[in-house]
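Look at the two complexes coming up: subunit A is in both, with subunit B in one and subunit C in the other.
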Partner chain A sequence: MKILQKSELKAWKKAKKLGPKKTIQLLKKQGLTGRGGACFLTGLKWELVKNAKGNKFIICNADEGEPGTFKDKLLLEKNPENIIEGILIAAYCINTKQAYIYLRGEYNYLKDSLKKTIEETLTASRSSLKIDIIQGAGAYICGDETAIIASIENKRGYPHFKPPYPPQKGLFGKPTVINNVETLANVPLAIINKDWNDSLRLFSISGNVSKPRVYEIKVGTKLGKIALLAKAKNIKAVCFGASGGCIPYNSNSIINAEHICKEEAMLGACSLIFINKKKSMLDLAINIAQFFNHESCGKCTPCREGNTHILKLLEKIKSGKAKQEDIELLEKLSITIRDTALCGLGQSCTNHILTALNHFKKDFKVR
Partner chain B sequence: MIKLKINGCEVTAKEGEFIIDIAERNGIDIPHFCYNERLERIGACRLCIVEVKGIDKLQASCCTQVKKGMEINTHSPRVLEARRINMQLLLANHSLNCTTCKENLMCKLQKYASELVIEDSIFGETQRKDEIDNSSVSIRRDNNKCILCEQCVRVCNDIQTVYAIGMTKRGVNTRITPAFNNTMKQSSCINCGQCVVACPSGALTEKSDIPKVLEALNSDKHLIVQTAPSVRATLGELFGLPVGTPVTGKMVTALKNIGFHKVFDTDLGADITIIEEATEFVKRLKENKNLPLITTCCPAWIKFGEQFYFKELNKNMSTCRSPQAILASLVKTYYAKKIKKDPKDIILVDIMPCTAKKYEILRPEFKGEADFVLTTVELAKLLKELNVDFQNLPDSEFDNPLGFSTGAGDIFGHTGGVMEAALRTAADLIAKKDLKKIDYKKIRSMEEIKEAEISIAGKKIKICVVHTMGAARKLLEQIKEGASPYHFIEIMACYGGCIGGGGQPPPHNKKTLKKRVNALIRVDEHKKIRKSHKNPAAIKLYKEYLGKPGSEKAHKLLHTRYYRKSYV
Partner chain C sequence: MQKKESIALLNILREIQKRYNHLPEKEIKKLSKKTNIPLVKIYETASFYSMFSFKRKGRNTIRLCNSPSCYINGSLNILKEIKRILKIDINQTTKDKKYSLELTSCIGCCDKAPAIMLNNELIGNITKAKLRKLLK
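The block that comes next holds the complex of A and B.
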């Protein structure tokens, strides 16, 4: 995997030589976009914060909690050096002395090795940057950037409405860059490798496959090719994490954001869960609904209250007691949650139902 | 200024204003629960969602800033559909026993549910079966009615800095509760009731004493009632009168009609408070000791002080009782003796703007004095229960000997009033003459911290008036550090003072509160006597019974002491 190539501070040295402005320009030219799912231009994000005056911060979002997503874990295990170097470069570019890594609670076991890498990298780079590891406590919502901010501020891990976006008003009210682990790991490579390509990404592949793992695949690859790699057979659907929704399996489907968006799903952080023909999409929907019911933070009405009723309706369908009007209510409720919830979690937590109802209506039997 | 369209009509706004505020200004009521002009915007209830042309998702109008040329629809079919679903979701987790709920007919949840024409509960019955917390003497907490708008939490934590309640658990199990799921009684709650005023769904209500008062009204005891200064400025609102209509005369008639033998005026207590406090202030000023002097009319602030600042600030707190406690003590001593009755045969009911007064009368040092406290809202309910045609009542006067008050007593009900009243008397005491200038307009505004420097007989005195405990905390920290420049500080726990108390009718927005302040100022201005120490009833009391201000007897009956309070 190209992403596992170690920069060994070559990028850091190059960035120091280029200066912040030119480094940001280089990243923009290389076209590095965020790997968290929103695909925002990383250089642009940095530039927004660089130009702000006063205190500012950088946060590495290592709270990878999306079901079926495990690519950041691989990077934290196999190439933490590049992540730390990416943080160093980001901090240098935006001019801050304080960085945070918000580490997923379940990745606690990585904390010590990460600390060691931080110490070694900081010593080797002779940087005065302070990098603190903040541990999550297991809440899915704390993967949302505004909830991370609240959590680091010692507040309840609640998301905040946007705008203001973190680059305008972030941690402790100061401009803040929040980047995903994979984004930061790519920063050194994008700086030192001329042939670096933004479309090469880490895909977390799981579900009904013989070889579930992280693959490095170009965005735009056909689904059939990916299925072949992971040895997936008799597939009927592919789910994009829990929140991205699903599409029916078609070997010619092109896996990129635009194409999947056309099918009303979301590629997000490139997590593909393959579902074979033996499985019912209703069972999957119940499983995912249980997850969101458990992980809704409770702040906004549609997500907090809505998810329990989604689950209840799905269970009613499963029990065979549901009528057509229950399906209609399920759809109406799903749309309302999507349209009115406060944060990204809420707005996407019913994608799986809406897409499944669209493509696999047969799995949702009513009396 | 920019132009935009709401529901097809062009409106102007400042760049960066929020949709809900512009809509309100233009007469459009967008249903909302979590939004409150005085609190941080959180955008949680998702009832105020609107459609904005060009934006895919519906936007919460309380936290969406307008841009030039925006086209907003606040009541489109798509908006109404989504709003109805969100309302249904709230109702499905709210115990729907409306007819027996204290908030019935005053409830915002009910109002908007009715406006959205919610007829059937599509998501079924509530699953919550939480225990009702009746531990506090002032506030009843029924989590089964909570819709998690967090207004109470934000008022308690951000405005009052009391931190009695907070959020716990998550998702559908989210609850608002004191720390460690303790009861309100164990918490740091100061009983100010600001959470009660903020609550839109009846989850937080005042602890009702109406049944006890009704029972008392049917007893053969001698029944006395006293009414606090601010009640006369707000009671009318609950009977459909415009905000800021003083209803002193009607209120007195109503109380007499329902069976009270004597209606006394807490304003007289206020006048006596001032006489004692001004004496105390002049003495401290002369000795230059224990300054700044802090007023102690507000029981919520007293509890706050006892909990958080007892060690450092006990000496600064005035030992003078609150007007309520002064009048209560006089009723059960002076008045009882005068009418030759055993104090045990007298029942004293206090009509107060305040939920903390329910706590104050239960303090051990005031035992046997006031018997019950009804808030303004409770009094209105009681009068309605007894079928009093309030609007058409004639006026009557308070009863002697504890019914005459000055304008200084009236203004006790709003922020700055206690200070203004005290200055009127202290200035005369220091200058040893009857000064003409008695209006201290600088301290009448709604700003949270108001300071002024005045010179009396060549002496420069720095005063400060503060309302809300969050703002007060700043001053208290300053005193703690020994850096306070002030001689005299007035503290009221509620925003706007007692006219914004926890027992007053909602809403407590700036506009309403300002009108209530003006009502009290008008009452004061129309009084012939506007200085407490000129009150003939008070003068007579001192002559007949108390001796001199600050005398031993006065100290016994009119002063108190404070205790360190702990909380979980």
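The block that comes next holds the complex of A and C.
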């Protein structure tokens, strides 16, 4: 895998030589986009914060919680050096002395090795940056950038409405850069490798496959090729995590954001869960609805109350007592939550139902 | 007194939870005094996160992942077996206080589904046989 190449501070030295402005320019030219799912230009994000005056912060989002996603874990295990170097370069470019790594509670076993890498990298680079690890404690919502801020501020992990965006008003009210682990690991490589390519991504492949693992694949690869790699057989659907929704399996489907969008699903952080023909999409919908019911933070009404009713309706369909009007209500409620919820979790938590109703209506039987 | 911005409450709560298998009132009060964070604020924050509990848990916590990848790879069969061996239900603790059982959202082990978390350790490709050995 190209992403596992170690920069060994070569990029750091190059960035120091270039200066912040030219380093940011280089990243923009290379086209590095955020790996968290929003695909925002990383260089542009840094520039917004660089130009702000006063205190500012960097947060490395290592709260990888999307079901079916485990690529950041691989990077934290196999190439933490590049992640720290990415943070160093970001800190240098925006001119800050304080960075945070928000490590999800479930990855606590990585804390000590990460700490060691931080110390070694900071010593070797002779940087005065301070990098603190904040450990999450089991809240999916804290992967949201505004919730992560609240969590580091010692509050409940409630997201807030955007704008203001974190680069304008972030941690402790100061301009803040929040980057995903994979984005930061790519920073050094984009700086030192001329042939670095933004479309090469880490895909987390799991589900009904014999070779589940992280694959480094170009965005735009055909689904059939990915299924072949992971040895997936008798597949009927592919889910993009829990929040991205699902599409029916078609070996010719092109896996990029635009194509997936046409099917009303979301590629997000490139997590593909293959579902075989023995499984019912209704059972899966119940499983995912349980997840969102549990993980809804409770701040806004559509998501908090809506998800309870979504689960009830799905269970009613499962019990065989549902009528056509229940399906209609399920669809209406799903759309309402999507359109009125406050944060990304709420706006995407019913994608799986809307796409399943669209493509697999047969699995949702009514009287 | 430390500057408020330099206190990482979640990290401290985690240490307390680890030491006592829950967040005892006495410790929270002590923490409040030491950090000058009001007691109610600490409770407000702590009660949000699923890894903190105010009720005492077992010495070991088993968290079974029930997110899609584990679910379609048979996590519910594993759940049945854990319940059978330990004779407890979800969110309960064994009489000898050795184990507590919980369901958890995705723990990032989808490539080793089904998976569990035993305290801090992630254990993948869990089978009934592996489980029997583990919980002996």
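Operating definition for what follows: the second predicted complex is superposed on the first by the 367 of 367 C-alpha atoms of A that agree within 3 Å, B and C clash if a C-alpha of one lies under 4 Å from a C-alpha of the other, contacts with A are read in each partner's own complex, and residues count from 1 in each chain.
In this text, a contact is a pair of C-beta atoms (placed from the backbone, for glycine too) under 8 Å apart; a residue touches a chain by one contact, two chains touch by 3 or more.
Everything quoted here is computed from the prediction, not taken from an experiment.
A.B. asks: So in the superposed three-chain picture, is A:Arg156 touching just subunit B, just subunit C, both, or none of them (first/second/both/neither)?
C.D. replies: In the superposition, A:Arg156 contacts both subunit B and subunit C.
A.B. asks: Determine, under the contact definition given at the top, whether A:Ser296 touches first (subunit B), second (subunit C), both, or neither.
C.D. replies: first
A.B. asks: Who wins on subunit A residues touched, subunit B or subunit C?
C.D. replies: Residues of subunit A touched, subunit B against subunit C: more for C.
A.B. asks: After superposition on the shared chain, which partner residues are touched by A:Lys22: those of subunit B (first), subunit C (second), both, or neither?
C.D. replies: Neither subunit B nor subunit C is touched by A:Lys22.
A.B. asks: For A:Ile273 in the superposed arrangement: first (subunit B), second (subunit C), both or neither?
C.D. replies: The answer is second: A:Ile273 touches subunit C but not subunit B.
A.B. asks: Have a look at where A:Gln347 lands relative to subunit B and subunit C in the superposition and call it first, second, both or neither.
C.D. replies: Once the two structures are laid over each other on A, A:Gln347 reaches subunit B alone.
A.B. asks: If we overlay the two complexes on their shared chain A, which of subunit B and subunit C does A:Ala139 touch? Say first, second, both or neither.
C.D. replies: The answer is both, since A:Ala139 touches subunit B and subunit C.
A.B. asks: Using the superposition on chain A described above, determine whether A:Lys6 touches subunit B (first), subunit C (second), both, or neither.
C.D. replies: Touch partners of A:Lys6: none, neither subunit B nor subunit C.
A.B. asks: Let me test your reading of the model: by the given contact rule, A:Gly65 touches which partner, first (subunit B), second (subunit C), both or neither?
C.D. replies: Second partner only, subunit C.
A.B. asks: After overlaying the two complexes on chain A, where does the subunit B footprint on subunit A coincide with the subunit C footprint?
C.D. replies: On subunit A, the overlap between the subunit B and subunit C contacts is residues 139, 156, 294-295, 297.
A.B. asks: Name, in rising order, each residue of subunit B that touches subunit A in their complex.
C.D. replies: Against subunit A, subunit B makes touches at 41-47, 49, 57-58, 60, 63, 65, 81-82, 85-86, 89-90, 92-93, 122-123, 127, 147-148, 166-167, 169-174.
A.B. asks: Going by the contact rule at the top, pick out the subunit A residues touching subunit B in the complex.
C.D. replies: Where subunit A meets subunit B, its residues are 139, 141, 156, 160-161, 163, 293-302, 304-309, 329, 332-333, 335-336, 338-342, 347.
A.B. asks: Within their complex, state which residues of subunit A touch subunit C.
C.D. replies: Those in contact with subunit C are residues 64-70, 72-73, 104-109, 132-140, 151-152, 154-157, 172, 204-208, 212-214, 239, 242, 271, 273, 275-276, 279, 284, 287-288, 290-291, 294-295, 297.
A.B. asks: Would you tell me which residues of subunit C are touching subunit A in their complex?
C.D. replies: Subunit C reaches subunit A through residues 4-5, 7-11, 13-14, 37, 41, 44-45, 47-52, 66-69, 71-73, 104-113, 117, 120-122.
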